[in-house]
Amino acid sequence: MELTSFKSIIDKYETIFFDAFGVLKNHHGLLPGIEQTFDYLEKKGIDYYILTNDASRRPQLLAEYYQGKGLKGLVEERIISSGMLAREYLQLKVDSGTIAYVGTELSAHYLEALGLHTIGMDEVNLKEADDINALVFLDDEGFNWNTDLNKCVNLLRQQNIPAIVCNTDRSYPESYTEVAIGVGALANMVEQVVGKKFIKFGKPDAQIFIFAYEHAIERGGTPDKKKILMVGDTLIMDILGGNKFGLDTALVLTGNTLAKNAEMRINTLGILPTFICDSAVIDA
Amino acid sequence: MELTSFKSIIDKYETIFFDAFGVLKNHHGLLPGIEQTFDYLEKKGIDYYILTNDASRRPQLLAEYYQGKGLKGLVEERIISSGMLAREYLQLKVDSGTIAYVGTELSAHYLEALGLHTIGMDEVNLKEADDINALVFLDDEGFNWNTDLNKCVNLLRQQNIPAIVCNTDRSYPESYTEVAIGVGALANMVEQVVGKKFIKFGKPDAQIFIFAYEHAIERGGTPDKKKILMVGDTLIMDILGGNKFGLDTALVLTGNTLAKNAEMRINTLGILPTFICDSAVIDA
Amino acid sequence: MELTSFKSIIDKYETIFFDAFGVLKNHHGLLPGIEQTFDYLEKKGIDYYILTNDASRRPQLLAEYYQGKGLKGLVEERIISSGMLAREYLQLKVDSGTIAYVGTELSAHYLEALGLHTIGMDEVNLKEADDINALVFLDDEGFNWNTDLNKCVNLLRQQNIPAIVCNTDRSYPESYTEVAIGVGALANMVEQVVGKKFIKFGKPDAQIFIFAYEHAIERGGTPDKKKILMVGDTLIMDILGGNKFGLDTALVLTGNTLAKNAEMRINTLGILPTFICDSAVIDA
Amino acid sequence: MELTSFKSIIDKYETIFFDAFGVLKNHHGLLPGIEQTFDYLEKKGIDYYILTNDASRRPQLLAEYYQGKGLKGLVEERIISSGMLAREYLQLKVDSGTIAYVGTELSAHYLEALGLHTIGMDEVNLKEADDINALVFLDDEGFNWNTDLNKCVNLLRQQNIPAIVCNTDRSYPESYTEVAIGVGALANMVEQVVGKKFIKFGKPDAQIFIFAYEHAIERGGTPDKKKILMVGDTLIMDILGGNKFGLDTALVLTGNTLAKNAEMRINTLGILPTFICDSAVIDA
């Protein structure tokens, strides 16, 4: 397995897409030195975006996290979340009535800002649910799984409305040793129980890459896919998705794929990054 | 689709296996007149058993339900539950330490009666879990899904112990209009998140049929599979399972498979009952 | 189930995407009267494209079929096939070496026109395969399944190269009564045997919709998704895919979804077309 | 990972079930010294059986292979194959008409010996197929995949008959470096294309363990599962299946599970053998 220095490859690209967790940050916060990477990108005039399966809050709040840690350039416009895709879907396809959701109130505020009317699943009365036109899975937190997931099942059985999953991740890291069940896994369970097809947004599906790609072009970025690099720590989300969209891809070993397993996982899955780098951190 | 009278076929058999829900009972209780079926079986000397995906309580309590409704012959020895298979597994394979479980205390009592030491997932401390030698999914009730399913995931990540699913049903009827998520669906979700292979007991897997078959033979029943009939309302559980085990099968239309859909479902799934009967109720 | 006249809805749109089989043609050839639909679209200045899971030949040849039947406006530029996505992938990601393929020579010619070097799986010698940089599933015809699918398995085991599936359809109609196994099903089988992740192009995946959308905009079409209609006969391919991409969708009953089953299938799958129309044929 | 000597554990058991490939033999033939294992078992009076997913020929021919190599005790009665389960199913459930099959003539002879009438898929005329009452997948060899698998699909579409899979293995080793697609993978593909539920026999399903268990008891073996050991090289077939049936299990490292990967695979899959042994070969 040949390792390449991250610094040695990025000069070739005009736009870089980064996964967030495992690439820029981990349980302790930002990766030490990652600010140098962004300083270098700014200096070289290389454009960059964060692509994240996250619908728990709106991009502005996601950006504030990075800015609060000193990454001043990571403004809202540089964040592309699966929640933004779901929001676009709802704007285009659900123009009236109420949207039932599971997740925190914070995640629902993001939808309400668009003028969509939302109701938490805990407040849904199945006997008076005729005006509910969609069910949205936003976050694993903020609701009672026992009661509200059962209500999701019965709402979808009694009404033929679309179910939208805003984050396909089945789990996410909670601490150095523990993971948490993600809203993607909860939605998959409800989908299997009701036997319907849900509409799902997030990596590795192509739609988030095209969203980021179009967004970058609108802001003056290159339309030449050969000049765009996807950087991620997860073969099946970041690298498979980036490859399929036609981008060059760099696997970093600071997150989900450990150095000791990387070669075996690449061979087993047959997912081939263009480059393998120790880290996205570059020395000043 | 040719319908056959249930009474006209049962005389050919020496042993009959019944599914419970949708065949003998529904949300209102026992099917009106079902006692006549059992009177007839007793009069004719035809042996019978209930095969049920249920691990929520021990067979004695399941039997008491029927007896309390007037089916005096439905004694404990006539109940074969998926919970009994799981219990046999635990007896054979987990001979020491503690068994963590999700489910009600009632469901755990059944395991404790064997001398197995159990602990509810809510009381498990992941930092002091070294003596836990198995995780058992017993029932969807009796625990907090938010906290305890996450604990299941992390227990299985930190310790290499078997996970046993005592009821593979993904959902079950709660009322005439509503269903509830079953422990089978919860276990499937945890299995997908941790990526391990769980050990699962219940129809349509062959093991519950062989358990019933051996149990019936021990009590003097016929070993000739041609003389045993499986009666059920669900093609994919009861009829597929019975067919594969080599039994004749009768689909009844009082439960999960509605008369108006039966032919289409049989053709779509390619699961062929030997007989289709309106109901397992026979006239006196 | 409310039926809408196709003619009554199309005036609202600036661009229309059509599925081919079951919408424009069937086993007998073009649907009688379908030319009137295209005459009307031309007269009204409504743009249109065909979106098809087909990699068996290049778009020019697909277009010639329609032109030969009298649809003179159906020029090559109006055809968007899954094969075009695969070709873009190969251009971007496989810039040297040889591409092994299964399919007809005709399907491979399409790749060779780009300067890619191809070799049929029947001519691959596994002992001298070091220069093979990708395996492409093009068509179910043109090769010996017994020998060549086994060679695919062993090629992917011995070399870590990407496998690309250019048509995800599992089957396709051969005559009024018979279907044929599609290359999508063959590729799925090889994928399961080798345990790797293949790269797959075709409906309902978002990428073909994106490709068509960008292509239409480049040719002067609207970027407003509210002004684009997807017309298809298959809920799970055309309608789910169109919905997810944010388009309005029209289900027609001339192909895969029969009038007598449409309502039941819509309810079972939970896939909701914006409109249901008898046919895409409109009266002059 | 603690290794145990195979000789040190077998004295505790009265019956031993062996997987064949990877345990007793490999591409070069029998494992050198394996005859000493059987000499020892004979001397100690320990009963033994071979459990194999093989329907390509009848048990007598499978036994002759071992006897020809010098294992004189490996008589037909010691062979339990998935083909025997399928044959029992056909005897019980398909008592008239013709059985269509894919596989070699040798594999079909085994069914014909029972008085069942068979026809190779190549000879089936779909226009005169009314007397075909089952479709059986016997072997990956002996037929043209291109034509005959398509005929399987259309036979199952036009007639509602059961499809039986006599060997669930997706692949099998052909040489030291190559594998071949197994009939289990071909059957899975046809099953997905037609959307029906097939009836499948073979490890890790409980039914083959039950069959062997009952067979051993009939021949005087112990009914005490604690006294039976399953020996295999494949975690997901042999060890999972044996564990679920309640048997002690020994993983050997001479086949599918390599010594260098064993611990990682056990942890990843969560399938726990009772013992791990270098080999089933014991020194004299």
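Each chain gets a letter, A, B, C and D, in the order it is written, and its residues are counted from 1.
Keep this in mind: a contact is a pair of C-beta atoms (placed from the backbone, for glycine too) under 8 Å apart; a residue touches a chain by one contact, two chains touch by 3 or more.
What you see is a predicted model; the values in this text were computed from it and never measured.
K.L.:
Distance between chain C and chain D based on Cα centroids, please, to the nearest Å.
P.N.:
40
K.L.:
How many angstrom lie between the CA centroids of chain B and chain D, rounded to a whole number?
P.N.:
Taking the average C-alpha coordinate of chain B and of chain D, the gap between them is 28 Å.
K.L.:
Mind checking the centre-to-centre distance between chain A and chain D? Centres are C-alpha means, answer in whole Å.
P.N.:
Chain centroid spacing, chain A to chain D, equals 44 Å.
K.L.:
Residue numbers in chain C touching 2 or more other chains?
P.N.:
none
K.L.:
Looking only at which chains touch which, which shape fits best: line, ring, star, complete or other?
P.N.:
Shape = ring; chains linked end to end, path closes on itself.
K.L.:
Taking the top-of-page definition of touch, could you list the pairs of chains it picks out?
P.N.:
So, checking each combination of chains, I get A-B, A-C, B-D, C-D as the touching pairs.
K.L.:
In the complex formed with chain D, which residues of chain B make contact?
P.N.:
88-89, 92-93, 156, 160-163, 194-199, 205-207, 210, 225-226, 236, 240, 243-247, 266-272
K.L.:
Enumerate the contact residues on chain D facing chain C in the complex.
P.N.:
Spelled out, the residues of chain D in touch with chain C are 126, 144-146, 149-150, 153-154, 157-158, 170-171, 177-181, 185-186, 188-190, 192-193.
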